[in-house]
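In order of appearance the chains are A, B, C and D, and numbering begins at 1 in each one.
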């Protein structure tokens, strides 16, 4: 007799639901641009195995729901909007056991009361996971591209027969920081704290006497945990966006750490999670 | 007294190491283009916390190692090359506890004995994880873009107050299939079986009377598990690349399932893992 | 007195109008995926200078028009569909003096009667320019990525004080060919001839004993002009997608033209137009 | 007898030569990131037709030259660096009749004396064309993404049978401005004036009562020509990055110009060149 495969880790939803919200105050307009990803988990096995759609909320309906709920004042921060969406899908859908809402905010700088300029490449992110018992809020930043022209060395590492990299006491350190941190409480002042965390990460990066990307990653994460008791843990990834010193000696010239080639690939890749000790 | 954060889930390596290998047979040349990602795990805590690089193999050395080992005949398939790299890094580095090698193969079609044409967007993938006790080989395919113009319906789903999608018994079904499957044995004929699995997935997609993307995802995965005893489980993700029927009635015309707008965003997103029952 | 700027070279339209057309034959379905760009030129100066929209056909209407006209049988090839659109916009809009329709076709391979697989990265292109007196049809191909592992040298070039490149009698030659050719007649069998031109370009590339990218570009273009009297001229661009030989001598190993690093940047860039002598 | 094709509009060079330059002042470091594209024109016909490389300066040498000349103090602005490169290639290569250097500057904001944060998506551009008789400098900006939430209408346009767009007296206007302007003099203070032009464009966009994208494009260009006598003409392209008002009436809700869907495709596309009257 034939035994059919078992479905595990099934989930479905709508990705890349884009949204611009304008709040029209008397003296100025506020602007938010979000991309929302929705993922539902629950009792969907027969949809996969039998094509039974009776428990399937269409992803098109999820998209409509995002637009309807976006009008609500609860959408003031990505974190609150995501929690609002989680609760909505859980309340209306008994077949759903948990909901994951991941929101990316595309950032705009104000020029005047009604005009804005897109900032980038940096993105603000949040992922809210919720079931009927608890909710976790993990916020973060993506593609925060930072570079320091000094206070970065890389020495004392293992040399083997395939090593050609020279040690250096002074190199460029460049990265596109991605960080996500878990709030210990789903009710912090999300905008204020996000900007404060961002500021402390940039300062930690700038001030650090770096012996490696790993070393700087730790310094940045430690600063966040030290400064913000509301953050329970922080996960970080820092690609090493190499700037290679150009060999000008071939042309009878010195290169005093002035001319570099930035390369996109290959790149180093460093990651870790820091938790309170 | 100050308690410093603990480092967890730390890993580092080199990403996007690109490589073209030409094998020069007397009557023809063979060509492979690979992108290799290396990730080491192990005893690296003091590098993060103290800037102690004494246990750090530089990512630049990893890159060199990829090029050296690529010459070896063991590099005949991505799966064998990845295993070769795993063993090398484990053998030479006692501080490393496990190695993850993820390889993407960019596919080329032969035109004549020495000339090739790039195929795409489809990619062949493999991820090999190994420590000193065991090795797992997970191979896959990415961005296999398939479309069927009929034999796809979506009906009988939940309607709520935000539902506007009409039911349809005949729609376009389009997806960019991503699948990864775990081999129960690290020593199968990797090229032969990869092509056979790909073929069976395409046939399952084409032949299926689809009631939903979930339904088709299951049919494709079930076919692979039924046909290939070497595959222990398969994980799949199928975005629903919507093709929306254009409303021509506004212009006094009928649209008999002929003219569609393909949209990149938003898109449905369906995933699951299938394991033997 | 203030003299206001003069408006020149003004044009406007709709870009990236995407379209899938399914033709439902009794025994099979045919599939076409197109992206259409529309650009109108004409008497629009007061729109720019005064905000007078009375002669402006909205770009939204252009989009609707694409969908309506796509149903017509004239849309059988991109070249005929583009001509159809040109005529429509000229006929209905006296303020328009000329229309440019640029269409990109995304290519699909048939799997069975109703199922298709996306090919790529290669694209088929056409640009039709028309006014009330004449129409030109320029078709082409984009991102045809070709590579040959031998029959390519680069020697005898200028050496100056900044030259470090060694001469080579045997290198990899890789390119992403872009070509556009002008038909001398707006009424050729566009599908048949496009496929024949593509085939002849691939064969010319494969068969050529290349002394440089310039040399191969000429050989490919010359073949097209020699073979197809319907083509009046051909314009080509061939980036030199470098595959750099890896220096393994540093590790005591020989690299017999086997292991290369493909790099995206920087790349050589070669272009020319070939006209009948 | 066979008449071979004639080569026209031939040009070749190196694209995407990337460069980071650090200037180490006692109290701070300055940082510039550039991508350089080089294109030579001249007497290259026999390279194409015969494979004769005797007049070919390899593109690899061009790349080396960029790195050598980047050290020179003449590289202080993209415009001067480009002029420096033009003169170098003309002086050393009699077979070259003209040189085009196009430079894109990737922008960084200073965080402290040694640390920088990448700005984007906006890019600063310059294209310098020179032969042995004259040089033109065309500078510009690319991907300056601006959005205003009001003071933009679109009314009074042509309606035909395919029109469905409703007129609106208050819409979002968003664009990714691309502008290039020709300096009447190759010796202006390039950094100062670029920043001043950028500022005046942003202010003109913000302050304008827009009746169409065309209308705003003209207002922005007119402002630049009015304010900067050093600018002889300005060329601009403004995609209309549509933000579509979501129809919430379907769900019994009003949408008071608050919730929009930003769409990447299709998009309007408006362009013009403004010259002094």
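Basically, a residue touches a chain if its C-beta (ideal position, glycine included) is under 8 Å from a C-beta of that chain, and two chains touch if they have at least 3 such contacts.
Keep in mind that this is a model prediction, so the values were computed, not measured.
Enquirer: Measuring centre to centre with C-alpha atoms, which chain is farthest from chain B?
Expert: Chain D.
Enquirer: Rounded to a multiple of 5, how large is the rotation, in degrees, that superposes the C-alpha trace of chain A on chain D?
Expert: Chain A sits rotated relative to chain D by 180 degrees.
Enquirer: How many angstrom between the C-alpha centroids of chain C and chain B?
Expert: Centre-to-centre distance between chain B and chain C: 30 Å.
Enquirer: What whole-Å value do you get for the distance between chain A and chain B if each is reduced to the mean of its CA atoms?
Expert: Centre-to-centre distance between chain A and chain B: 22 Å.
Enquirer: I need the residues of chain B touching at least two other chains; which ones are they?
Expert: Answer for chain B, listing residues that touch two or more other chains: 18, 64, 68, 162, 164, 251, 264-265.
Enquirer: Quick check: in the complex, which residue numbers of chain A touch chain C?
Expert: Those residues of chain A that touch chain C are 161-162, 164, 250-251, 264-265.
Enquirer: Please output the residues of chain C touching chain D within their complex, sorted ascending.
Expert: Touch list, chain C to chain D: 3-18, 37, 39, 44, 47-61, 63-65, 68, 92-93, 154-158, 160, 162-165, 210-215, 217-218, 221-222, 225, 235, 239-240, 264-277.
Enquirer: What residues of chain A sit close enough to touch chain D in their complex?
Expert: Spelled out, the residues of chain A in touch with chain D are 18-24, 29, 31, 33, 64, 67-68, 70-71, 108, 111-112, 114-121, 144-151, 172, 202, 205-206, 243, 246, 248, 251, 253, 255-263.
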